[in-house]
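Have a look at the structure below, then the notes.
Naming follows writing order (A, B, C and D), and every chain is counted from residue 1.
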Amino acid sequence: MNIKLLYFARLKETLKFSTEDLELAENEQWTVLKLKALLAKRGDTWAQMLMGKLKVRAAINHELVDDNAAISDGDEIAFFPPVTGG
Amino acid sequence: MNIKLLYFARLKETLKFSTEDLELAENEQWTVLKLKALLAKRGDTWAQMLMGKLKVRAAINHELVDDNAAISDGDEIAFFPPVTGG
Amino acid sequence: MTAKLMTVRVQLEDFDTGHEISQLRAARKDIGAVVSFVGQVRDMNVGDHVSELTLEHYQGMTEKALEAIVAQAKSRWDIVDALVIHRIGTLKPLDQIVLVAVSSAHRGEAFHACEFVMDYLKTDAPFWKKEMLQSGESRWVEAKDSDDTARERWT
Amino acid sequence: MTAKLMTVRVQLEDFDTGHEISQLRAARKDIGAVVSFVGQVRDMNVGDHVSELTLEHYQGMTEKALEAIVAQAKSRWDIVDALVIHRIGTLKPLDQIVLVAVSSAHRGEAFHACEFVMDYLKTDAPFWKKEMLQSGESRWVEAKDSDDTARERWT
């Protein structure tokens, strides 16, 4: 299945990615946590940003979700640090 | 001793007084309650306004006080309904 | 750190809320928040249509009472400045009655202090409203128990 | 009774706080209170002098998140209308960042709803601040635990 990934703020800057399209194996149940683990295998920087000490938040289709949220085909998934607006 | 009396809002309108100077017997201890009782003797309207069912507030020299507050020579004493500003 | 300011105004004239908030904001660069309350005349009260409102006050005591309320807010919360403007005289529906604005470094303090000042103003500042109804009748506005309750929360 | 309105704006441009409050006020004659919060850029953060701030956001999600927060405020309190304006891009100390304004018949509802919207905006709306310090260094602003605590109060 195909998903769209977005990165913001510190993650975007450090990973040097703001957006990418990604294909995930069809026959598996994908969650946010599983996706993070997959991306963390790309290298130390990815592991630090997504599975390290700094908190990372995720949204699926513009809704804040936790690590157990299920991912579906066509989803837009965003990773970002805790927000600091206002 | 001499005091100055002020009336506001419903009291001013009903008693048809906004201000008056009053002389009180020197040899007594005057409190707000005692002053109200004295004024109430002026007639039914006064009794209703100062000792009746409608709440009345008092201030001495611009400070809200209760019925037990002591009155001194030269005080400015005001009677008025509960406030309704804002 | 400059001294804390404090302004209380009782006036017949209308006021410019945006200008007052801007003045508070621009006063110091360590201000991060301005919370303000604007009260206006409603066209209905206790079920009746109101055509105008006349505000009477106790000159001399009013200013002292408002300053005491603001001083108490400043002693309770870490705020930079506070402004209270209250109108007197005859007003119509949609006219502004009162502005309370509070500046502070962080938002929590400004929210609490602003609401505190309004709650105390409602029970302690000597203003009285008389309303003229569309029926032609006029009456003094009655104080609300809910205002006493609101004030009690802070004690 | 007209339908409740709701406005959320995310913009580069500055906004006119006084004008926005006036618009909210004048919308209906049964409005008695408008409570507003203005946030501005401070010149200091965690002990360092800030020369400018850049606000990034997640376009699409931001608007939905703010609208969801306002909708939740409307379901919890009896308010008439609410407005949220949040700026993005590069700002300097004393620049306005955010305006939250709420109108209602009575003051309590407007105070609570306005503070609620700000508390939720701080934890749920996807904005990120990067600050440029006077030293020349730049850094991402860290989220504060106190903002999580403020939000928890409402749950």
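Odds and ends about this structure:
Simple rule for what comes next: contacts are C-beta pairs under 8 Å (C-beta built on N, C-alpha and C of every residue); 3 or more make two chains touch, one makes a residue touch a chain.
All of these numbers come straight from a predicted model, not from anything done at the bench.
Traced through touching neighbours, the fewest hops from chain B to chain D number 2. With centres taken as mean Cα positions, chain C sits 48 Å from chain A. Per-chain Cα centroids separate chain A from chain D by 27 Å.
Centre-to-centre, using mean CA coordinates, chain A is 72 Å away from chain B.
Those residues of chain C in touch with two or more other chains are numbered 39, 107, 118.
Those residues of chain B in touch with two or more other chains are numbered 86.
In summary, the structure contains touching chain pairs A-D, B-C, C-D.
Here chain B touches chain C in the complex through residues 6, 8-10, 55, 59, 62-64, 78, 80-86, going by the rule given at the top. Across the complex, chain B is touched by residues 39, 55-58, 60-61, 64-65, 86, 97-98, 118, 121-130, 140-143 of chain C. Of all residues in chain C, those touching chain D in their complex are 16-19, 21-22, 25-26, 29-44, 93-94, 96, 105, 107-108, 110-111, 114-115, 118, 150.
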